[in-house]
Each structure stands twice: as C-alpha cells, then as structure tokens.
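Next come the structures, one after another.
In the two complexes that follow, chain A is the common piece, with chain B as its partner first and chain C second.
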Partner chain A sequence: MELILDRLTKQFKNKIAVDRFSYTMKAGVYGLLGANGAGKTTLMRMICTVLSPTDGDILFDGHSINVLNERYCDILGYLPQDFGYYPDFSARDFMLYMASLKGIKNRAAHKRTDELLHLVGLSDVATQKIRSFSGGMKQRLGVAQAVLNGPKILILDEPTAGLDPKERIRFRNLISDLAKDKIVLLSTHIVSDIECIADQIIMMKKGKLILSGTTADLTEQANGLAWNLIVNPNELEQYEARYCISNLHHTSMGVELRIVSEEKPAQNAQPITANIEDLFLFHFSDELGQTSGKTSGGIQ
Partner chain B sequence: MNMLLRFECKKLLNRKFTVITIFALMLCVMALSFLIISENTNYNADGSRISGMKAIRVNKSSQAISEGKLTKQKLLEAFHQYQKVMNKPSNYEGTTDDLKDEVYVTELKPYDGVLSLLRRNYSPAGRYDYYILSSVSDEMIDQFYEIRHAKIQELVNMDYSYGNYSQTEKEFILNKDSKIKTPFSYDYADGWGDILQRGFFTVFLLIGLAVCVIIAPIFAYEYQTGADAVVLSTRFGRKRIIQAKILAGFLVSSGIFFLATALFMIITFTAYGIQGWNASFQILSFTSFYSLTILQVFLCGLLLNYLIVIAVMSITMLLSSVCNTSFSTVIISALWVFVPLFIPSSKDSKVFNYIINLLPAKALDTYTVFSVYDVYSFGKTVISLPIVILLSSAFLVLIALPLAHRSFSRHQVA
Partner chain C sequence: MKRNIQKKLVEMYQSVPPMPDAEGMTSIIKEAKSIKGVIPKESSLFWFVKTQIRFIDIKVWIFQILLLCMYALFVCATLQNTEGFLLLVPITPIVVLIGTSELSRSFRYRMAEMEIPTHFSLRQVLLARLIIIVAADLFTLTCLMIITALKAYTAINALILYGIVPCLVTAYGCLWIMNRCNNSYSQYYTATYSIALSVVGGMSVNLWPVWYNTSAHGIWLLVFCLALVGFYSEVRKMLNNCSRKLECFNEI
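Here is the complex of A and B:
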C-alpha cells in the first residue's frame, strides 16, 4: 500500500497554498506539522478529493486517484478540520447516513455503527441529537464516521483541536487503535500529540515540505538547538526580543528560560536535550510571531 | 439508495423551518378555502342576505332550471323570462328602476347564469354591458353561437398597442374556437368557478413559495454546515447522493403539492360538490377558445401547475447548489416566483408579455391561461399558451437539474 503525492500544487489566485509537494506514504501514522496557513488543510483536502490540485498528481498503488475515482473514495476516511454535521440528526442516524454514502449495505451499516459508537464511547447517546454533543463528543463521532468503511487511508485534520487534555489523550489512544495497517495522516498544532502517536513527522512551511522523518530522526536533528538559561527579570525583555523562547519559568533565582537557538545565547547557557517542539519553534517561530531561533549573535 | 433517499427526505423534513412552512401553508390553504366559501352570497325571498354554505345550497337549487344543453330554446326561455320581469311595472320598487327583491330572487336569479352569458355575448368586444339585453332581439338570441364566434373574430382582428395577431395566429385561434361543441353544456358551476378563478392561483403560488423555502437547503445546507467536506470524500458523495437529493426534493415537493391541493379540494368540494364538472368551460370563461369541459381545464391546470412547481423546485435546487447559504437561495428563488406578480403587462412589447406569461406568478393562473388569446408562433407553427407553459416548465426541469448535479459534483471545499 503506497500513497504518492507527486509535485502536488494548489494555487488560489495569487497565493500558492501548496507548492510542488512530493511525498510517499506507506502504512503508518504520519504527523503533519506546520503553522497556520502552511497549507496542511489544503494538502489534506486534495488527498481527500474535495479540492482539485492546480498541478501534480496523487497516486494510490501506482494509479492516479482521478482514474480510481469512486474506488479511491471507497478506501478513504476523512475527518475535516471543521467537522460538519447535521444538528438535527442523532449520532446513530448520522452514522447510518454516512454508511449509506460509503456504500455499506444496510445490515452491515447497523452492525458497524453500533460497534464504532461503542468504540468511541457514544453508545449511550446514540439516539441523542448531535446539537446536544460537546466538542469532544462531536470529534469522536467524526472519527467514527471516518473509519466506518474500514479505510486504508485515514486523513484527520486537526482532530484534537479544542479538546481538553483528557479528551486529547483519549483521542490519541483511539487513533492509535484505529491506525493499524492504514496510512493515517494527522495534522495538528499540538506537537506533543504527534510525538506520541506518529511514526513519521512531516513539516510543512509556506506550502512546501521542509522536513520529514521519524520522531527520533528529527529529535536528533534538533540537538544543539535547545538551551537552558537563568536570567535576571530585567534582562528578560532583551532575550525575548532576540531569541525564540519556548518556555519561561519564574524562580527564586531569576527567570529560567528554554531558548531555541542555533547558537549559544549566553556564556552561562546550558545545552539541553531538544524535542520536536523545539524543532517546530526553530522552523516556525517567525510565523508564530516570535523571534526566529535562527537569529545569530549572543547577549554578553 | 433507499437508505440514502430516506435520509435525504429526513434532512429536508426534519428541519423546524420545514415543519413551520408546511403548517403555515396548510393553514393558509384552509383559510383561503373557507374565505372563498364564505363569500358566496344570495338572498332569501324576503330580501334578507344569506352567505356561505346556505347561499351555495340556494344557488345550486335555483340554477337547476338551466341545467343541460344550452340550446337556443333554453337561451330564449331565459331571455323571455328576463323580458317578462323587466317589462312588468309592478315588479319595480315604487318609481325607481330597481326590481323588488323578491321578484329578483324568485324570478330572475335562477336565470342569472344564462343571462350573464347573454350579456357577455351581446356586449361590444372587450366590454361587459349589464343593460345590453334591453337592446337584444329574439333573432339575435337565435344566432347566439354564431355571434359568439364573430365576437372572437372581432377580438383577434382588433388593433393592440403591443402588436396584432398574425394571420396564422388568427386562424389557429378561430379554428380551435370553431371546434368547441355547441350548444354549450350548462350546469351550476359556481364552485368550479371559485376554485379556478380564485383558489387555484393563490394555492399554487403558496405551494411554490413553500417549495422554495423547503428545498432551498438541499445542497446549500451541506456547504453551510461544512458537511460537504465529509460528504464529497465518500464513495457516493458526488453522484448517488445527488440523485438521492433530487429524488428526495421531488418526493417532498410532490408531497407538499398533493397535500395542499388535496386539502383545498376536500374543503371546496365538500362545500360545493362536484356538480358542473362536465359543463363547457365557456360558461365560466365565455370567450375562451379551448374546447374543454370544466373538469378538463381543472385537470390540465393541476398538471400544468404541478409541472410549474417541479420547475420551481428544480430552479431552487440549482440555486441551492451554487449559493453558499439556504437564505440566499430562498431569497433569489422567491424573487423569481413572486416578482413577476408585480410586473404589469407591457403595452408595447408582445415578446415581453409572452415571456412574463411563462413565469410562475402568471403561469399558475389556470383560469387566465385558458382564457387569454396568447399564442406562440415559431415559424408557421402556432402553439397555445398551456402547451408552451408545459414545454417551458419541462425544459427548465431538464436544464436546471443536470446543472445542479454538475454544480454540486464539482463543488470544491476551499
């Protein structure tokens, strides 16, 4: 099983949202990281056939998805960023409706609906209208509908957005359970979510693929980028202006900073083990409104 | 497909707005039906006014005298009765020109329907002179049907500011008119008259509006809720779902049409009965050139209006597939249905009038459609207005639905 994104490009008027994006995915969980506007959602929409690329192609097992058409949709599961639902439908009706859209026969649809609602913990509220659901319940319903047809490709766009920590953990575990023998592409802002469940991490910036690899590979790459430093509170502003600060903690000794920088930010700065979040900040701090981690020159 | 269809119907019908719309429609139809019935009036022999069901019963029994073929003998009988009543000085209130109430009610009212036809026949073309009968002779009554045909000739040969009829159009109309069976079949048909002239148009216009409101979200709701992304990524999300939506729209629209029509018919037929169904349409619309009975016009009207409602549904579906919200769809489609209602006929352009005729607000008026002389010429072929409405509605359905299909299937979630 192989999904190839071949120089995938999407241009909206003057803006290139996805720029010649090429990548190959095999069974496993892929975490897509990128700042807002990086083109993650556009990329996922193209993979899910709901948005046509301006250029490039998507191939599943060597066949263009434009040729596979319905056969491709048949092996696809999609949870969009803003999961749209029908407020007046019950969870059960919504699942059955989606099952009929996915071409699942009546009896199998009922069986699968019951199984999945149980799996996502919505059995007790199956007959309640979706409008009465919390954000977490709606997201779980979204995942349940995405896997109704037992998809080989599962695309989850920001599935943990807006969930409280407990729901997020539950959600991560659910995705891990469902990911077996599938290509799962998952986008999120929350780096820790991806660190936990992704086999491969893909970083996207301004529509382009900038980095990819396993968590270990990328952590390795991030080594030497993270620094620990304790400064006087009156120096804080100076450091904030110059460096990308990933964490800040007021202690009795001063302000303890976690700085992401290619260079040692100060004489007394101590190198620490970097993580994916540091790498993310290193690449995206400029887009997140922080001083870039690539700024050179220390503070004496 | 069955499950998909069931859910699409459920999506349309489950909305609070749909329930309110259907309820409001039924309420309006009921109110209109009762209003029409209540406006029937007559007088007792003592001159006291009666209305509603009582008036209908009295009208029915009093007009029984004229039932059957409207032969020259029957026309003369009504005319002589009129002359007899009018020529007797003791029938008048004092020295006035007003007939005594009891004289009018007992001696003239039973002939009112036939006398009205006589007045229409002998009044100058395009006018109705109530007093014309005083200048009519037995010989003229004898020539009733010939004079009627001549009147239609006069009407088609008149000069109109928006343009005159061509020779082929005149021949078409006169040829059709000559095929009307004479003598006319006469019967009590006040009920049919009220249904066709007053009820039909309003009921079907309301149905059209309700269909606009109910069908508007059929595609737009997917965009509005954001469900389009999920739907379009599924196996049947770009083909079968559209077929299911179109079918659901068709079923729901048809259901609303038949429900509202049935309610209207049940109330009105219960009040009026079905008497008069076999009478000539000309007893309601004297100069109509269609050789049809009242029931035939009623059925043709039902068919035409059903098709128009389906055309309204199709256009609404098309708008729904291109608009982002149900609200904008409702506004545009309701404008399309309603605005022509307020557009007066042009005094200069026949083409303009002929186009306006085909829009729902005009085309739903069955009585007018089967009464006016608007015919459409395509080269040497002349087609009557009902047929053009039928063809144009079918054409709209055949154009709008594939376009709606195309629009939704090509929709991009951006």
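Here is the complex of A and C:
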C-alpha cells in the first residue's frame, strides 16, 4: 500500500498554497506540522479529492486517483478541519447518512454505526441532536464517520484543535487504535499531539516540504538549537527582541529562558536537549509572530 | 504374506502427511480476517436515491401536506365554481420553494467538504435530492390540480398549463440563483423570488385576465418550453459545478 504525492501544486489566483510537494507514504502514522497558512489543509484537500491540483499527481498503488475515482473514495476516510452538520440530525442519523454516502448497505450501516459510536464513547448520546454536543464530542463523531467504511487512508485535518488536554489525549489514543495497517495523515500545529503517535513527521512551510523524518531523526537534527539561560529581568526585553524564546520562567535567581538559536546566545548559556518543538520554532518562528530583527533561529 | 505386510508397512511410513506450513497458515488467517472485515456495499444510483428519502428534512413533507390540506379546504369551502384555477397559479411557486432549501443544504451547513470524497459524491447527493424533490413536487402539483378540477370548469389541458408553467419558471429561477450564489443567503433570495412570482401570479388573474383566455395558451406553451430548457441547463450547471469541486463554491 503506497500513496505517492508527485510534485503537487495548488495555486489560487496569485497565491501558491502548495508548491511542488512530493512525498511517499506507506502504512503508518504521518504527522503534518506547519504554522497557519503553511498549506496543510490545501494539501489534505487535494489528497481527498476535495480540491483539484493545479499541477502534479497523486498515485495510490501506482494508479492515479483521477483514474481510480470511486474506488479511491472507497478506501478513503476524511475528517475536515471545520465541518458542519445538519441541525436536525442526531449522532446516529449523521452516521447513517454518511454510511449511505459511502455506499454501505443498511444492515451493515446500522451495525457499524453502533460499533463506532461505542468505540468513540457516544453510544449514550446516539439519539441526541448534534447541535447539543460539545466540541470534543463533535470531533469524536467526525472521526467515527471517517472510519465508517474501514478506510486504508485516513486523513485528519487538525482533529485536536479546540479540545481540552483530556480530550486531546483521548483522541490521540483513539487514533493510535485506529491506525493499524492504514496510512494515517494527521495535521496539526500542536507538536505534542503527534510527537507520541507519529511514525514520521512532515514539516511544511509556505507550501513546501522542508523536513521529514522520525521523531528521533528530527530530534537529532534539533541538537544544538536549544539553550538554557538565566538573565536579569531588565535584560529580558533585549533577549526577546534578539532571540526566539520557547519558554520563560521567573525564578528567584532571575528569568530562566529556553532559547532556540543556532548560535550560543550568551556566554553563560547552557546547551540542553532539544525536542521537536524547538525544531518547529526554529523553522516557523517568523510565521508564528515572534518579533522581527532577530539574528538567528531561522528568522530574519 | 510377509512381503504383503512389509509392503503395507513401507507404504504407511511413506505416506506421512507434510509438515504444517506456518506461512500458509498466516496467510489464510489474514485472508479470513480481510473477508470478515469487508463491509457490504451498494453502488446503484436507484438504491442511493431510495436511501436519501429518509434524510430529506421532515419539514419539507410537513409543509407540503399542510399546503395541500389548506388549499383543499380553501378551494372547496370558500371558492365559487369556475374559480378554482385562480389559486393554482399563485400556489405552485410556494410548492417549489418548499423543496429548494434541500438543494442548498450541503453548502448552507458546510457539509459539502465531507460529502465530496465519498463513493456517492456531492454530485450524486444533489441529483438524488433533485429527483426526490421533483417527484414530491409533481405529486403535490397533481393533487392541487385534481382539487382545482373539482371546482374549476376549466379544460384539463389549461389546468395543467396553469400548474406546470409557474412551477417550472419558479424552479428555473431558484436554480439560477443557487448556481450563482452558493452561500447561506441563497435561501432568502430564492424565497423572495418565489414569493414575488406567487404575488404576480395572484394579481394576474384579476389584473390581466386575458392571460387565461384559450387564445393565450400558445404563449403559455412557449413559456413552458423556454422554462424547461432553462431548468435543464441550470440542473446541468449545478451538477457540473459539483464535478469541479470546491473551487466553485463561494463559501470555501
């Protein structure tokens, strides 16, 4: 099972949202990381045939998805970033509706609906209207509909956005359970959501693939980028203007800073073990609204 | 005898069953699991249209039935004979309006993105809804015409024209609006258009009775043909827009 993204490009008028993106995926969990506007949603929409690429192709097991058509949709499950629902539908109605769209016969649809609502913990509220659901419940319902047809490819666009920590952990565990023998592509800008469950992490910036690898590979790449430094409170502003600060903690000895920088920020700075979040900040701090005028850390 | 026993013993020792094939066992188990996990599917459009009836908003059916009952009550209890057709012309745009909200549901409630990448894509969802709504509207229209025929001393062909033509003109206009305005305001525009047509239809019976002379039936037929062609082209445009996916929709 192999999904190949071959020089995918998507242009909207004067903006190139995805720029010659090439990647090959086999069974496993892939975390797609990038700041807002990096092109993650556009990429996922192209994979799910919701948008047509301006250029490039997507191949599944060697066949273009444009040729496969419904056969590709039959093995695809998709959870959009921001999905709506028909207000008169209950959770069960919604699942049965999506099952009908996926061509699942009635008896199997009822059985599968019961199984999946139980799996995502919504059995007790199956007959309640979706408009009465919390954000976490809606997301769980969204995941349930995405796996209705037993897909081989599961695309989840920012599934944990807006969820509280308990819901996010529950969600991560659910995805881990569902990910066996599938290609799961999960996009987020919350590093911790995918650090634990992704086999491969793909970093995207301004529509391009900038980095990919396992958590261990990327952590190794991040080595030498993280520093620990204690400064006086009156020096804080100066450091904030010059460097990318991933963590700030006021202590009795001063202000403890975790700085992401290629170069040593000060003589008394201590190198510390970097993580994926440091690498993310190194590449994306300019897009995440860190102040301008900094000299290192991947920012101008 | 000894040779026979010896021969039999040799045959027995030589006919030892083969060693179990562990890989073969694994592949059989895997195949069995995949067969068990297969979800039975259906791919015919007829089956799909049948299943979609259940998901049409119940308000559509309730309003259609209410409209029929109120029309029957008003026509039979209130109107004098020969006047039955007076209400038919203004009421048919309202019949069409009730069903048009179903066609724009996917965009109004932001479900289109989830409906596109499925076996029966958005195009087929809209086609199924269109088939169901058109069938329901035709049934309601037929009932209205039958009720009208009880009161109106009007030729049946004239009744059919007075029922079908406003219906088609409304449907064409509503589709024209929805194809150019795929957002949550489209239902307000279609409602305004349908109600305006209904008012014009109601007024025309009193202000322009010449429209309802037999001599004007040729014009009604012409309008019928033009509206039918327009309706067909707008349906095709709507379905083609779905094939070109989300780029066509203002909402996204």
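Just so it is clear, the second predicted complex is superposed on the first by the 291 of 300 C-alpha atoms of A that agree within 3 Å, B and C clash if a C-alpha of one lies under 4 Å from a C-alpha of the other, contacts with A are read in each partner's own complex, and residues count from 1 in each chain.
Everything below uses one rule, namely that a contact is a pair of C-beta atoms (placed from the backbone, for glycine too) under 8 Å apart; a residue touches a chain by one contact, two chains touch by 3 or more.
Note that the coordinates shown come from a computational prediction; the quantities given were computed from them, not determined experimentally.
Novice: Mind checking chain B and chain C on superposed chain A, clash or fit?
Specialist: After superposition on chain A, which the two structures share, chain B runs into chain C.
Novice: In the superposed arrangement, does A:135 touch chain B (first), chain C (second), both or neither?
Specialist: In the superposition, A:135 touches no partner, neither chain B nor chain C.
Novice: With the two structures laid over each other on chain A, which partner does A:108 touch: chain B (first), chain C (second), both, or neither?
Specialist: Second partner only, chain C.
Novice: Which of the two partners, first being chain B and second being chain C, lies in contact with A:150: first, second, both, or neither?
Specialist: second
Novice: Using the superposition on chain A described above, determine whether A:271 touches chain B (first), chain C (second), both, or neither.
Specialist: neither
Novice: Which holds for A:162: it touches chain B only (first), chain C only (second), both, or neither?
Specialist: Neither partner.
Novice: Between chain B (first) and chain C (second), which, if any, makes contact with A:224: first, second, both or neither?
Specialist: So A:224 meets neither chain B nor chain C here.
Novice: Would you tell me the residues on chain A in contact with chain B in one complex that are also in contact with chain C in the other?
Specialist: After superposing on chain A, chain A residues 45, 48-52, 70, 73-74, 76, 78, 80, 82-88, 93, 97-98, 100-103, 106, 145, 149 contact both chain B and chain C.
Novice: Could you please specify the touching residues of chain B with respect to chain A in the complex?
Specialist: 3-4, 7, 10-11, 14-15, 221-222, 225-237, 239-241, 412-414
Novice: Spell out the part of chain A that touches chain B in their complex, as residue ranges.
Specialist: 12, 42, 45, 48-52, 70, 73-74, 76, 78-80, 82-89, 93, 96-103, 106, 109, 142, 145, 149
Novice: Within the complex, which stretch of chain C touches chain A?
Specialist: So the residues of chain C in touch with chain A come to 37, 39-43, 48, 51-52, 55, 57-59, 105, 109-111, 113-121, 125, 244-247.
Novice: Flag every residue of chain A that touches chain C in the complex, lowest number first.
Specialist: These residues of chain A touch chain C: 45, 48-52, 70, 73-74, 76, 78, 80, 82-88, 93, 97-98, 100-108, 112, 145, 149-150.
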